[in-house]
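Note that the chains are named A, B, C and D in the order they appear, and that numbering of residues resets to 1 at the start of each chain.
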Amino acid sequence: MMDKLRFCLIGAGRAGMVHARNLAFNIKNADITAIVDSDSSVASERRQELGVADLFTDLDEALARDLFDAVVVVTPTFAHRDIVVKCAEAKKHVFCEKPMSIRPDEARDMIEAASKNRVKLQIGFMRRFDPPFLHARDVIESGELGEVMVIKSVGRGPGLPPPWTYNVSESNGLLGEVNSHDFDSTRWLAGGEYRRIYAEAVNRKVTKLKDQYPDFYDNVVCTVRFDNDIIGTIDGTCPADYGYDARTEIVLTGGLISIGEVRGQAYFSCDVKGVIKENAWKSWRNRFKDAYIDEMRSFINSVFEDKDTLVTGRDGLAAVQAVVTANKSLKSGAVEEVSS
Amino acid sequence: MMDKLRFCLIGAGRAGMVHARNLAFNIKNADITAIVDSDSSVASERRQELGVADLFTDLDEALARDLFDAVVVVTPTFAHRDIVVKCAEAKKHVFCEKPMSIRPDEARDMIEAASKNRVKLQIGFMRRFDPPFLHARDVIESGELGEVMVIKSVGRGPGLPPPWTYNVSESNGLLGEVNSHDFDSTRWLAGGEYRRIYAEAVNRKVTKLKDQYPDFYDNVVCTVRFDNDIIGTIDGTCPADYGYDARTEIVLTGGLISIGEVRGQAYFSCDVKGVIKENAWKSWRNRFKDAYIDEMRSFINSVFEDKDTLVTGRDGLAAVQAVVTANKSLKSGAVEEVSS
Amino acid sequence: MMDKLRFCLIGAGRAGMVHARNLAFNIKNADITAIVDSDSSVASERRQELGVADLFTDLDEALARDLFDAVVVVTPTFAHRDIVVKCAEAKKHVFCEKPMSIRPDEARDMIEAASKNRVKLQIGFMRRFDPPFLHARDVIESGELGEVMVIKSVGRGPGLPPPWTYNVSESNGLLGEVNSHDFDSTRWLAGGEYRRIYAEAVNRKVTKLKDQYPDFYDNVVCTVRFDNDIIGTIDGTCPADYGYDARTEIVLTGGLISIGEVRGQAYFSCDVKGVIKENAWKSWRNRFKDAYIDEMRSFINSVFEDKDTLVTGRDGLAAVQAVVTANKSLKSGAVEEVSS
Amino acid sequence: MMDKLRFCLIGAGRAGMVHARNLAFNIKNADITAIVDSDSSVASERRQELGVADLFTDLDEALARDLFDAVVVVTPTFAHRDIVVKCAEAKKHVFCEKPMSIRPDEARDMIEAASKNRVKLQIGFMRRFDPPFLHARDVIESGELGEVMVIKSVGRGPGLPPPWTYNVSESNGLLGEVNSHDFDSTRWLAGGEYRRIYAEAVNRKVTKLKDQYPDFYDNVVCTVRFDNDIIGTIDGTCPADYGYDARTEIVLTGGLISIGEVRGQAYFSCDVKGVIKENAWKSWRNRFKDAYIDEMRSFINSVFEDKDTLVTGRDGLAAVQAVVTANKSLKSGAVEEVSS
């Protein structure tokens, strides 16, 4: 039996490095043994930090050698399908960042490839490993607060997304890149499938993009309805300079559950004017620090024990379908049904 | 000059008594001098508590005598129009509880009657007198956090509403009786007029009403868009047994404003199991205790100083229009424009 | 039966005006009918605001006429004894602000005068009327969290106290003027009597007073032990520019109770740097706004229904004894027993 | 250069396993290669979990072989001195849990042995690696809130301490085993040395120990004064069944800093009765999870880069001196000076 799962990082950007550093410094039964990134200068710097021997600009070359057992795919979303299918066919286990894909058919190809090649496939919805979210789910399942009626989920984050996301019809925009998490965790907590969605959006901050990308938006609110008649709202703002803000509240027949808060750590100061100051969560890297480690440990465990992953391709697909439907609503100005 | 404004309470129910007790025990330049209520036994008990001399089951009789200068109208909504018009024509100043009316045309009649008879008309949107809401508005107007992009408002409360509200097409239901406040305060904070609304609703708690009142709902979420392109959500749950929950958050280009919290007072205990216990706000009577006094002081002041009221009939009308539009969306299953 | 209790305000300073405004504007079964203040110009301005007819610079003159049934004594502490004794002998009910007196013997004179003349005497420990404190006491008495072991009480406030307090051996200083409240509420929650006290103090802010008033301190921490073996700490800072900060925590055999927080209202904003801002309680006038009204209603009720007041002279005396003992400890540098 | 620092765990109890698991599963440039524990059955089970090859009941045997470069000492406090001196003489770097020792002279021996043998010595005051504490220290050092005047530190935890601690004159009891942390972090934040201490204590929960161990206490409050005239309080309760409670507040000339809260994670629920429920921190293992990893990374770094450790033997000694002085105060019933 292997005692360490060897990983190749595909995409050595900021998000990729979160996984890479966890694998290199925090998780002992894993190793990063290769990096694939089209930008060899960036990758080279990362190699130094991570202490990785092998560096590739071409995925095929990396797959041609027996250097790793699994891949972490953290490229732009539009590249997920081809990479994941290719890795699955090379019998590599796949951990793929969210959103799973731009279009539902791509996600279906990925699911099929993993299934046919008997490799594990996990999607990076790390909220499912966060103690407050897990606690909420436990309370819901216990039935002690009755049945879920309404779920509201907020996802806001700092930083302008990369240029390839500006054209929403090709990228799914903010709803895909940021609110995928909300679409997944809301569905996970609701225990049902999305039925219909209405969305309103506006570009209020990145106004310089208006001419070239008329469908770009930086604020969006959605009304959703599940097939089990749970209703809710999902809203997103990006860039939300004030911080990374992921909160969810659940109204049940017997009470309320609240997950998360704007405040980032148990600390405040107060000055002579009586102004209390605290810090908002700065980044998903801080807010979900442990969840990122735990989702990877869970994935490694699925491989070693040959069990299903806890976040499947089917989960990834459902979020893609919801995102696509919400964007369709923005285009049509009407309520849209989610195709199953 | 009068040194006390004499009031007649019209409708001596639970909400009416909040105003009546403030006038009788907490506000010194006002007196309750008459009560009009169709139920003479209830009114008689109230008279005892309030120390009021004159009791009527008929409004005309009360108006026939010179007993009061102003009225507080706290009857079921459908009765507002006729009462307010009649009082205005009798030259009484009118404080009218929310929602102003069921239909916009009723609200217009009320506005016209007050205007023609030169009496003051104020609608009971007491949130506009609550320090956190006022503070939020000050911050918005200061511009220090940039421009408003998104507003989300929650209104939930305990207690099944009265039977006359079950038929939503006649009463406007939960959106009218509870979320009028959210429609008003969101508009007040947004500084614009509602343009379009989409709503989803469900009856999940009062399921025994389903057969007789198929359009009754106890949970609702709305997506709204203003004519200044501010977008947002408004949601309501009633009965929400856990407490009275009124919170608003505002996303701006330069930050976030959060108003209100679920917790009801600065107190908690923690038992041997490590379970921390606090109490949710039990009622609007507690949460907005001072705002109820302050809105009434403001109304009295408007009369004594002959100034415009701070919450006008036009404000009441705008909320009615939004509520009617949201209910229309529920019926049509489509996004609806708000007629101006 | 009187339907309104007529009050004379003795001492029309800032604290006196809190009571006066409550009596004049917020409590309907009371009236302010006279003001006694040595500074006639200040009193004259107050008379205008309060709408009071009679103004005196001399207490005897005021007492000579039948203008009021009760007095609110809000003068410097050293004047309490003579005023209260004189008013009691004139058969006026007495509401006396805290601290009751500088020395225990003065407090005893006041208790005796009220008793002999059969008038009510209440000391202004308004915390006993604050819902969080009342809730805490209910939980303690219910026994659901076991027995009290430790109590910690903080009292900090903005603003330099008046010059007459600088000489601590004559005024009892910060411990008397500010922490009297903590000594009272801790004793009330502990259900026992102070046995011994050790205190440490320092002058760190008002250093300009060091030469003239070497025993002046603006920060103090005390260790206390009750005769029922409850132990605790009391600490004070004044001026504490950041706000008015009154918090208490109680450790029980079966849990913890926490009263109060630094934050002043349910509101926060967050700017682009992720700095969350809230406001500390600015003043005891805001933090205990309702408690000030409720203690006065309770006093009026005691008079009208001829019942004992809820905060007796004995309570006032116990706090004076504790304060005096803590100051004695500061002088001696040793632990001091509280004489009974 | 070594790429991994090899550790021997000395003392495989609950606290030892926190360090051992971090070294085995979370920190990649370290390995646990040996365990020394007098109880071979416990140690054997731990070996299984940690995947450690070598197991000893005798330290000398372990030191006789070249199995490790450093030791983590997590035995009862009274054994620290001999073990640390022996390991230092065997040229092993030493990470020693708090409290450093029972008596100051033991701590001095340990410091000298480390110094003479040129090995690193770090004491396990992990609060110094906790972001809220670090943030507080940064704010203090920045001077933006002025100078520190008062520091209050609370340390409470669940679970009866082991029997060897019952005899306080031999063990230092609760003040040593729990509040050592408070004595260290308060000194670290104050930037001064303890000058004098007064303590009050009581046994209120573990009353069955009263006869056999009359000086045992489970609740203690202390008043402290530093040589730079900062004053403060330190209090402890153990067992405090409700949870692990470590909070500190700092009053400065220009404001307030608050570190920590009772609540354990960003989550709450609220039931139909309006009771909001959250969880207190259950254990130091959760509250300071990352700080335990970070202190160990820092220690490893000190070894690899041959730098001073961030928590020195001198720091450990200062806390022992303060604890001993506080216990002396309990015995004498008087204020005690801290000998330097």
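To be clear about the criterion, contacts are C-beta pairs under 8 Å (C-beta built on N, C-alpha and C of every residue); 3 or more make two chains touch, one makes a residue touch a chain.
Nothing here was measured: the structure is a model prediction, and the numbers come from that model.
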Of all other chains, the one whose Cα centre sits farthest from subunit B: D
Computed distance of Cα centres, subunit D from subunit C, in Å: 41
Centre-of-Cα separation between subunit C and subunit A, whole angstrom: 56
For subunit A, residues that touch 2 or more chains besides their own: 241-242, 254-256, 258, 262-263, 268, 270-272, 280
Category of the chain touch graph - line, ring, star, complete, other: complete
Touching residues (chain side subunit A, partner subunit B) in the complex: 147, 149-150, 152, 156, 198-202, 204-205, 218-225, 229-233, 235, 237, 240-242, 245, 251, 253-256, 258, 262, 280, 333-335
Contact footprint of subunit A on subunit D as seen in their complex: 24-29, 131-132, 135-136, 139, 144-145, 254-261, 263, 265-272, 289-290
Residue numbers on subunit C that touch subunit A, as the complex places them: 158, 241-243, 262-264, 268, 270-282
